[in-house]
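Just so it is clear, A, B, C and D label the chains in written order, and each chain counts residues from 1 on its own.
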Amino acid sequence: MQQLMTKESLDKFLNEEFPQVSKNFKILDVNDQSFSMLMYITEEHLRPGATVSGPTMFLLADVTFYLATLSIIGPKSLTVTTNCSINFLRKPNEKNLTSKARILKLGKTLSVGDVLIYSEDIDEPVAHASLTYSIPQK
Amino acid sequence: MQQLMTKESLDKFLNEEFPQVSKNFKILDVNDQSFSMLMYITEEHLRPGATVSGPTMFLLADVTFYLATLSIIGPKSLTVTTNCSINFLRKPNEKNLTSKARILKLGKTLSVGDVLIYSEDIDEPVAHASLTYSIPQK
Amino acid sequence: MQQLMTKESLDKFLNEEFPQVSKNFKILDVNDQSFSMLMYITEEHLRPGATVSGPTMFLLADVTFYLATLSIIGPKSLTVTTNCSINFLRKPNEKNLTSKARILKLGKTLSVGDVLIYSEDIDEPVAHASLTYSIPQK
Amino acid sequence: MQQLMTKESLDKFLNEEFPQVSKNFKILDVNDQSFSMLMYITEEHLRPGATVSGPTMFLLADVTFYLATLSIIGPKSLTVTTNCSINFLRKPNEKNLTSKARILKLGKTLSVGDVLIYSEDIDEPVAHASLTYSIPQK
């Protein structure tokens, strides 16, 4: 798929539109085969048992698939999640998370795909999310 | 279903185990037919378009079903979400959210059910989540 | 919600559009609060362990939510499922299944809701499905 | 992952345990990186609009992930689906389907992964399913 946004323009978009959360994220790689991010894990994301909370992994999956979609369709900030099904696979470490998105369908009104979430020092994925985004029509 | 925890013991549990997030939540109603909560929405939960973020609604669904399960099985803090499928139905207001959980199956190892999320001043639900929790075995 | 189709017109629609499967189903109840069906279970739907197969329960959930949606919007046969998340809760008997649908959102382009599946002689539901249908635009 | 069952032993298992449906399926490829199947589409699987029904794609996803799991853990026929979330991406042709499974976690009690479904003569996948199977404990 052809991209409309570069890593730099996505970084700028993230900072301007989501100032509350943008400091926690870094875009790692954007190309026509792959979209990956890093999330800095801090005290607020932890849970009993020395692990990262489920809602934190959901947030990373959501942001990753949103930006992966915008990298193709351009900066339509009102694109909204309509469905997410997430499986929690393993207990993450108290360390940073990374993510890798795959777009399975990009139609006029819907973007559908999935995101794998990884925890530093664990080889296998810690979560897998399938997401659907609705793309606003002009 | 018989309850093992009262509203008071659940409040205490939430404060002790989840000090990072407990101030945002209030348990509204606990009885054998119903479990409902309120989430105080603040600046950090908002998104462009004067609305509440998807991950915030996920967090409320997750906390609600967790506590609804513990109200029956007792304070097993290592109970973990294994799956959540959430549908976002309507745009919430920039106001507080409430939730209502329903337990569909409570077995020895799994608790399965769903949660409806409501936004103040909107009659119909803004999100619907189906969740599965894994219950730790001694 | 106001209904556009009666039980009789839905029965006729089912027979004409889905002749391969209509003989297996019976619409039990259609009103503005409730939509329920019965599925006749035969040899082809069984699985080892004296039970009904998962795909059979999926089929009943899919047909039930489809007809529940059409009962409100009218006979638009090209309405298609876009997402279904189903939890299998208990082992059904080798007996007929019944279903009960709930519509949570009916917008211009999407119908979202859930279906509970019951097995004869078991009080609690055997499966719970959340479904999204896409409604074709003229 | 190490395999406990070969293509031949899986074929035999499918014929013995699922005589109602085994004639519709063919195992294409079994190795430690990949598990793929073919489903023969006949009149009974079709729907209005010259396409294959959603429940047929669900059935293929379910059978594929079941056999992919058994290829690793051995012939435990009472392994059961606990959750499936399926996204329907594109309209299939009235032709045979193929599937490709990926196991993301294989623990003592749960197998979690996903399946892509393809329709002959269409390059992109027509459906994507995430599945969880519960593995019986002796």
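What we mean here is this: contacts are C-beta pairs under 8 Å (C-beta built on N, C-alpha and C of every residue); 3 or more make two chains touch, one makes a residue touch a chain.
Note that the coordinates shown come from a computational prediction; the quantities given were computed from them, not determined experimentally.
Shared contact partners of chain C and chain D comprise A, B. Of all residue numbers seen at the chain A-chain D contact, over half occur in both copies; the interface is built from largely matching residues. Looking at B-D and A-B, the interface holding more C-beta pairs in contact is that of A-B. Taking each chain's centre as the average of its CA atoms, chain B and chain D sit 34 Å apart.
In this assembly, the C-alpha centroid of chain A lies 28 Å from the C-alpha centroid of chain D.
Chain geometry summary: the mean Cα position of chain A and that of chain B are 23 Å apart.
For chain A, the set of residues touching two or more other chains reads 82-83, 85, 87, 132.
Looking at the complex, you find that chain C touches chain B at residues 85, 87, 89-90, 104-105, 112, 114, 116, 124-125, 128, 130, 132.
Contact residues of chain B toward chain A in the complex are 17-18, 20, 43-44, 46-49, 54-55, 58-59, 62, 77-78, 80-88, 91.
Within the complex formed with chain C, the chain A residues making contact are 82-83, 85, 109-110, 132.
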